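Some structures to go through are shown next.
Each of the next two complexes has chain A plus one other chain: chain B in the first, chain C in the second.
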Partner chain A sequence: MSAYSGLSWSDLLFLLDGAGKTILLTALATLFGTVLGIALGWLRDSSRLVGWIVAPYVDVTRSVPLIIQFVLFNSFIAIAGYPLNPLWSGTIVLSSYMGVFTSEVVQAGLQAVRPELRRAGRSLGMGYWTEMRYVTAPLALRVVFPSWIGLVIGLTKDSALVGVIGYIELLRASQILINRTNEAILILLGAGLFYFIICYPISRYSQTLERKLKQ
Partner chain B sequence: MFGYSFHWRTVWQEIPQLAEGAIVTLQIAVFSMLIGITLAVLLAVARRNEGSIASRLASVWIEVARNTPCLLQIYLAYFGLGALGINISSYAAVLGAIAFNNAGYLAEILRGGFNSISQTQYAAAHSLGMNSFRVYSYVVLPQVFRVTFRPIMNQSMWALLNTSLGMVIGLKELTGATQFAQSRSFRTFEFFLVAAAMYYVIAKIILGLAALVQWRFLKGGR
Partner chain C sequence: MIEIKNLQKSFGQHHVIKGIDLTIDKGEVLCLIGGSGSGKSTMLQCINGLHSIDDGKVLVDEIDVFDKATDLNKLREKIGIVFQQYNAFPHLSAIENVALSPRVVKGMKRKDTLDLAAKHLEHVGLGDKLNHYPSQLSGGQQQRLAIARALAMEPEYMLFDEVTSALDPELVGEVLDTMRMLKDEGMTMIIVTHEIPFAREASDRVAFFDQGKICEIGDARQVINDPRELRTRQFLERVLH
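On to the complex of A and B.
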């Protein structure tokens, strides 16, 4: 590696590109993870058998470091002969991770709706889906939404780990620049500020929301 | 399967290395929790004094710790301090950063615990002639820890999982040791599968101990 050099405009573009990739990855994983989580949470709530079948998957996802999940999935698909680009392997692992945590929140939300209300809805002649749509889901959403926002913030931060399988998101881009220039503090404070600006307002919003919903 | 032959013997030979890594992982998880809890008590107490400088500093610490990635915090401790001429080992950087991170989350957990204790208890303890330090250490904190035991144990799970980030700056904790051990044979999948199993077992042991503590000492607590 050549001698240290200062930061240049192209370096800033490199960081911005990384920031864009962080947002892209987070958005994709939020989308797929939430869909997976709602389906999984609903299945776990409505069928004991499903809950029992997916329990090991949930348990392992929660007890093994995410960084290892990335490496394991990446090497597994290479062995299986279907290597994917880092964006898609990152999205798949993060979505699965988000899905598991979302399903826990969704399940808790569904359980928070009193069974009497559900039965009352059904006895008014509503079908299963009508009752779900107009009674259970809106009530569950009040419990689920603040926690779900917390999960999205966590996901934004966790996307920083996809660097280990070669996806050059913001933090990986920062690390590459640190190795090349001598500006570790400036680069890291900049990257930190980016995450903070995204996460802090959302977390404040979720706190206010939670307080409002409790009243 | 898939025309790939799994080589478990290669992994078996490196088990001592992985075990050494697991010990580093456990050390960092435990120490970062102990330091984190100590700092979190100070942060949470400082925050109760709204408007003071200490309270504002505590808020900044808590918000930064909770709203930036833990890996970034590790980078700041390692590369950031390095750029300032303070070179610390990767062990110290990971321990320091995870303790910083833990303190932020634990302070929020403790805040909830403090709020659950009624003001009359403070007043009663003061009127018995206790100074603030004694009020906290004999009356308030024991109750706070009882109420917040579960979330604190939950945070210690996160501390355990976060130690795996040490790999990225070359620390040979369990993940880093695994990465190092597989780099000679490139049996990545086998090595990391074994590492995953080791994390799983460590996590279950910690949860088991927590359940034991709760059953033995905190019966009747929440």
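On to the complex of A and C.
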């Protein structure tokens, strides 16, 4: 028997399924996290009181390792009697994590827009939201876009940690295969390649978009 | 008509405007001169409600600017303002800068706003820069763009807040010429400026601000050539050498 006998084509499908779950989880967390981050960033920028109220949440989320947040959140909701399937627990924790980091970026973006430009918009008769939509938001977007893409790529890789609560995404799938076949290097090379295939197009596409936005 | 009655304004402990009464008629050009910190820019920005006030009244066509019931956005449509800093929206081309407000504030059709914007940009001599972005324009061109952008809202009053102060000296003339052109067209204007010769020749009246009050106001030539107040005389001697 060759050393590769443990691996079969169905294992590739297993890995592919894991990659699909990584993409699903990342996409959900990106969506909810970004929406949360925009709202949180805007609130923190426009009201000092809100900034003060949410400071503990922001600090804890940023400072406690994500893997601990997954385990604790999953345990707490189980103890509280509302167990969730691993996809939704993972989505909630990752979205909250993404939301906090996105809010920092959003805040920086809003602050990068010169107050004189906002004042100029208002003096032309624009209301708060009209000015926000046509002047401040597009300008802030240009500033934050590269950092936001960095967050999405980071999130793709961080999603691997959801394995600890039993969500069989790409890395967890690889580990299962490694335990069975002992083919650590080959399988990790494959898994690494999948992560690259997911992240690289995001990064390339963002560079194209960035060039467009800069015009 | 713009009426300012006993206007008072402080920033914290700093009492910037200490009781100003002033009336500007339709079609008039009034220049405000005075040292920095004398309150002239602050008063100008009170006229369209960009600053709050502590006491007094500002009436624009009998609408109380600081009445809670006043729709400030609506009011600002008839008061154009141009600032000292270049404020062109950097993500929009010249024509888009000018077309934006008529479209999103007045709800005009995109095609019409572009025609309108082109007309106003040509009017201020930027007809060949329609698709340039602000970063591709000189300071003088950016200020003329800001004037065109304000004019596209078809305001009844124009306020100018030291619009030439940030410009290189060789670019000042083109902006002053644009304001002279507006005067010839009968626009009502209040101009805060340090360009004394311009104030003398282009305005109907000049007001000299000192320490938050109007120290002297009158016919432009009289105030500048033959001031009645000692403080006005001292200020003019300082700035004209």
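Keep this in mind: the second predicted complex is superposed on the first by the 194 of 215 C-alpha atoms of A that agree within 3 Å, B and C clash if a C-alpha of one lies under 4 Å from a C-alpha of the other, contacts with A are read in each partner's own complex, and residues count from 1 in each chain.
Basically, a contact is a pair of C-beta atoms (placed from the backbone, for glycine too) under 8 Å apart; a residue touches a chain by one contact, two chains touch by 3 or more.
What you are looking at is a predicted structure, and each value in this text was computed from that prediction instead of being measured.
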Side-by-side fit of chain B and chain C on chain A, or clash: fit
Partner chain(s) touched by A:A112 [first = chain B, second = chain C, both, neither]: neither
Which superposed partner A:I68 touches (first chain B, second chain C, both, neither): first
Partner chain(s) touched by A:L31 [first = chain B, second = chain C, both, neither]: neither
Per-residue contact with chain A, leading partner among chain C and chain B: B
Touched partner set for A:I53, first chain B, second chain C, both or neither: neither
Touched partner set for A:L12, first chain B, second chain C, both or neither: neither
Touched partner set for A:I185, first chain B, second chain C, both or neither: first
Nearest Cα pair across chain B and chain C, whole Å: 25
Shared chain A surface residues [contacts with chain B and with chain C]: none
Touching residues on chain C, where the partner in the complex is chain A: 48, 50, 73-74, 76-77, 79-81, 83, 85, 87, 89-91, 100-101, 104-106, 133, 146, 149-150, 153
Residues of chain B defined as touching chain A within the complex: 2-4, 63-64, 66-72, 75-76, 79-80, 82-84, 157, 161-165, 167-168, 175, 188-189, 192-193, 195-196, 199-200, 203-204
Residues of chain A touching chain B in the complex: 60, 62-69, 71-72, 75-76, 79-81, 153, 157-158, 160-161, 163-164, 171, 174-175, 178, 182-185, 188, 191-192, 195-196, 199-200, 203
Complex interface listing, chain A residues touching chain C: 114, 116-117, 119-127, 130, 133-135, 138-139, 142, 215
